[in-house]
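What follows is a pair of complexes built around subunit A, which joins subunit B in one and subunit C in the other.
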Partner chain A sequence: MSKVMMVALGVLVLLLIVFPFGVNPYTVQVAITTITYSMLGLAFAFTMRVGLPRFDIPAWWGVGGYTTALLMKDGMSFWLTALIGGIIAVILGALVFSIAIPRGMIPFLMIGMVLTLAFYQMYGSVSLFGAWSGITNVPPPTIGSFEFVAKRDLYYMGLFFLALNLVVYYLLFNSKFGRAWNAIGSSLRLARSVGVDVVKYRMANVLIGNFFLALAGSYFVGYYHAALPAVFSFQSALLVMVYLIIGGFTHSLAGPILGALIATFIPQYLRVEAEYQTIFTAAIVILILMFLPLGVLGWVDQKVKPWLYRQRWYARLNKGKVLG
Partner chain B sequence: MALLEIRNLSKYFGGLAAIKQLNLDIFDSEIVGLIGPNGAGKTTLFNVITGFYPPNEGKIIFRGEDITGLEPHQIAQRGLGRTFQQSLLFMRSTVLENILIGFHMNCRAGALKEFLHTSGSRKADQEAREQALEIIDFMGLDPLKYKLPEELSSGYQKALAVSIAFATKPKLLLLDEPVTTLSPDKVEMIMKLIAKVRDAGTTVVVIEHNMKAIMDFCDRIVVLAYGRKIAEGLPQEIRENKEVVEAYLGAIG
Partner chain C sequence: MSVSLFFQILANGLMAGGMYALVASGLTLTLGVMKIFNFAQGHFYMLGAFLTFAVTVALGLPYPVALLAALLSMALLGVLFYFGLIHRPMAQGFFTTMLITVFFAQIISQVSLLTFAEQQKAVPAVVPGSFSIGEVTFIYGKLLVIGCAIVIMLALYYFMKTKIGTAMKAAAENREVASLQGINATQIFWVTMAVGCGLSGIGGAIIAPVLGCQLVMGQNIFMRCLLVLMVGGMGSMSGALIAGFLVGIVESFAFQFVGSLNLIVILVCVGILMYFRPGGLLGQPLPVPGE
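Now for the complex of A and B:
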């Protein structure tokens, strides 16, 4: 990584840590929401890399959420419930996807939708999950005697989960897994012809995503203190996709985060009324699809980067290095 | 024992017999030309051998093992490589990364093990890189290694397609029209590369319509028409075979 990049990253990390001290708690809450939607978006972009659009995000997000809600009510430690939720999501996922993945992209897509609807129905009808009223008054996460109640502390917890997610994905992308996934996303037939077991690598990809989705669900209940069916609904699946389009779906790590940032902060800044937020988001998506189809990051790749390379001061900063 | 044995192979698409009761042997270290008019079943034969289509009848035995009905990736891992008529490439990756995928994926090393041994995986990646660079050097692609496939001329794109298949270190390589549409000098470049691959120990079967390339570089020629083998032999014999001429030009008189 170049010196410029390292400095920029350092500044970013510093800003992220200092952020809650300079703003009011409400803005911190918005940041918490951004973190949640970033994690969901990361999961969607993750499976898109192997050519599988997943519509089942609310289902597994809910598995983590409800596992944490139920087990914490029984007194279990938050962190243990998060781990258990992740494991359940992986095991259930393995059962379902062993049928779905060998059949290809369209069956996978359809089964994803069915999963979201089925889980939603289950969360709302089964009394164990509190039916439509859900499970409320979930105690806050703790480490020893320290309780995560203040918005600032929950924000840092979120940063931890998000960082964990990003680091694991980044390491995977730069491993044999990442190489196989790139091949699968590029050309299924060619990948098969050079010995890539497409089903096995797709399965690994989807199940890893399942684990982190469940983790996101546990984090959500950690600050929302409740698990309600209405949260883990089909609409959330669509919102996640929309945020990724805004950010730029060709960038698996930065796209979802940028998209979530734009879609959660801009309505706040413009003081859009809560009822109009979805309409506002829809308007942004239509504009993006018309003018920046590859999202903000796609626009950066196509217009900003070439402009940047032409600037004298940028060339001087990167003296001697191969650009692009 | 032959490297590849095809026994009584048939493939039907609905009522149409694309391949009918085909028997064929391919031996070590030869370059075999597979020719025949369009629709003769040549590409279908490749697809059946490499597991992309299951056959309706018959057996395929590779290196003494019955590989009939196996998945394409399983067959590739057993040392059988191929290219596609449309010259498929990994368009989003550099030439070096294309070769790396071909080489790395055929390594027996497990992806999970590699990932968990982070120091081991760095070493494995370094080794893979070195081997890939060797292959790139062997195939004459060194000056192009950081370019994207879309930046290459069609001649080099086809060379890259052959190189990716070669990177899997196959015992048998099936090339589907590797020089179609190329100018004569590029045809010679690719055919010389194929001869180099054979000399390094890989058997090659080539589907082609370019008669000069076939006659100049193949040890043996097999002719297919309407899903059947109608002739087999040395280039000179095939050139003088009446049935072959008729199959290509239609019966005269």
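Now for the complex of A and C:
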């Protein structure tokens, strides 16, 4: 990583840390929401890398959320419930995906959609999950006697989860797994022909995604203090896709976060009537898909970067390096 | 379970199954021929039902007019949808066009919500009343739905044997070779879209007198059609037909025992089936994108 990049990253981390001190609590809340949706988007982009679009995000998000809600009401520590939720998501996922993944991308996609609906029905119909009213009054997460109640504290907790997510994904991308995933994502048949076990690596990818989705669910309940079926519905899956499309799904780490940032903060300033909000967002997304299919980051790759490389000052800054 | 209840549940299952077969056939047609996963398929069904309400209740026209209106207007909307939003982005691949249909479906949902202020509308029964054989009661409306579904599926079967239907099958198998034979891909695509959306539209028109119109009926039927596609095999029309009725019947009986958890029951059954027969009931589906 170049010196410029390291300095930029350092500045970014510093900004993230001091951010809540300079803004009102509402903005911090929006940031918390952005973090949650970033984590969901990361999981989607993570699995897209192996050529599998997943529509089952709300289902596993809900597994984490409901596990945390149920176990915390019994007095268990938040952190343990998050771990248990993740493990449950992985085990259940292994059961379901052992059938879905070998069948291919389209069955996986369809099973994902049906899973979301089935889990949504289950959360709403079964009294254990509080039926349609959900589980409310979940106690806040604690470390010792310290309670995570203030928005700022919850924001830092979210940053911790997001950072954990990013670090793990980054390390995996640069590992043997990452190379296999890249191969599968580039050309499945070629990857198979050189001996990459497509099903095994896809399964690993999806299950790791499941774990972090459940973690995101636990975090959500940690700050929302409730688990409701309406949250873990198909609409959330679409929202995640919106963020990814806007950000650019070829960038597995930055795309979802940028998309979530843009899509969460901009509507705060572009006051559209609530009833037209959905139409407006959907129309924007369709336009982006038609004219900017690789999202903002894709546009940056295709237009901004080549322009940047042609600038003398940029070349001077990167003296001796090969650009592009 | 009494005989009367059994036949009632069976009739409900066949009725729902007929609708699943219609909508799933449209879905599998667009998937097989155009390699597009039309997320808005269920929404055309919903629009067909609401259009029937508008024609029969608001305008006071006879029911057959509503049927024709639903078929033609949904077919036309499908063609406009194709040329407006699908034709150009098709080159960008499967995922992009699928997402476009997802968000188009969202727009249809929201516009419908704003237009038809109430969520539910009732359409008067076409043939009211019922008849009994022994202790079993048969409702004319439900039998009409089942009958219409079968007639339309037969019409579709014969349509696929016509020149254009055969061209569609050829394009589904191998687009390049089909175009080498002089088959115009764009023409095939908009015809496929028209047929697919028209099937959904007329399905909605058929079910409206029995079940009324609800804004959520589009998404609900789409989810069931996914299961139908998995059971019947993607790209297989006969698979969609058989699987449609099968899923409808299983769902109806499962509802009797587990209520709204019947979707989970179907999902488990589909999972077991997929484990033993990955290609669906009818084995060899037409080639579809992605593996």
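Methods note: the second predicted complex is superposed on the first by the 310 of 324 C-alpha atoms of A that agree within 3 Å, B and C clash if a C-alpha of one lies under 4 Å from a C-alpha of the other, contacts with A are read in each partner's own complex, and residues count from 1 in each chain.
Operating definition for what follows: a contact is a pair of C-beta atoms (placed from the backbone, for glycine too) under 8 Å apart; a residue touches a chain by one contact, two chains touch by 3 or more.
None of these values were measured; they are calculated from a predicted model.
**Q** Applying the touch criterion given at the start, work out whether A:Gln121 contacts subunit B, subunit C, both or neither, answering first, second, both or neither.
**A** So A:Gln121 only meets subunit C here.
**Q** Just to be sure I read the superposition right, which of the two partners does A:Gly51 touch: subunit B = first, subunit C = second, or both, or neither?
**A** Second partner only.
**Q** Quick check for you: in the superposed arrangement, does A:Val18 touch first (subunit B), second (subunit C), both or neither?
**A** neither
**Q** Would you mind checking which one, subunit B or subunit C, touches more residues on subunit A?
**A** C
**Q** Touching A:Ser187 in the superposition: subunit B (first), subunit C (second), both, neither?
**A** In the superposition, A:Ser187 touches subunit B alone.
**Q** By the touch definition at the top of the document, which applies to A:Val196: first (subunit B), second (subunit C), both, or neither?
**A** In the superposition, A:Val196 contacts subunit B only.
**Q** Give one of first, second, both or neither to describe whether A:Ala274 is in contact with subunit B, with subunit C, with both, or with none.
**A** A:Ala274 sits against neither subunit B nor subunit C.
**Q** Scan A:Arg179 for contacts with subunit B and subunit C and give back first, second, both or neither.
**A** first
**Q** Let me check the overlay on chain A: which residues of subunit A are in contact with subunit B and also with subunit C?
**A** The answer is residues 189 of subunit A.
**Q** Under the touch definition given earlier, write down the residues of subunit A that touch subunit C in their complex.
**A** 51, 53, 96, 99-100, 102-107, 109-111, 113-115, 117-118, 121-122, 124-126, 188-189, 234, 238, 241, 245, 275-276, 278-279, 282-283, 285-286, 289-290, 293
**Q** Report the residues of subunit B in contact with subunit A in the complex, numbered from low to high.
**A** 50, 52, 71-74, 76-77, 81-84, 88-93, 97, 100-102, 104-106, 109, 111, 114-115, 121, 124, 164-165, 167-168
**Q** Provide the residue numbers of subunit C that touch subunit A in the complex, in ascending order.
**A** 31, 37, 85, 88-89, 92, 95-96, 98-100, 102-104, 106-107, 109-111, 113-114, 219, 223, 226-227, 229-230, 234, 259-261, 263-264, 267, 270-271, 274-275, 278, 288-291
**Q** Give the list of subunit A residues in touch with subunit B in this complex.
**A** So the residues of subunit A in touch with subunit B come to 171-172, 175-177, 179-180, 182-183, 185-187, 189-198, 201, 204.
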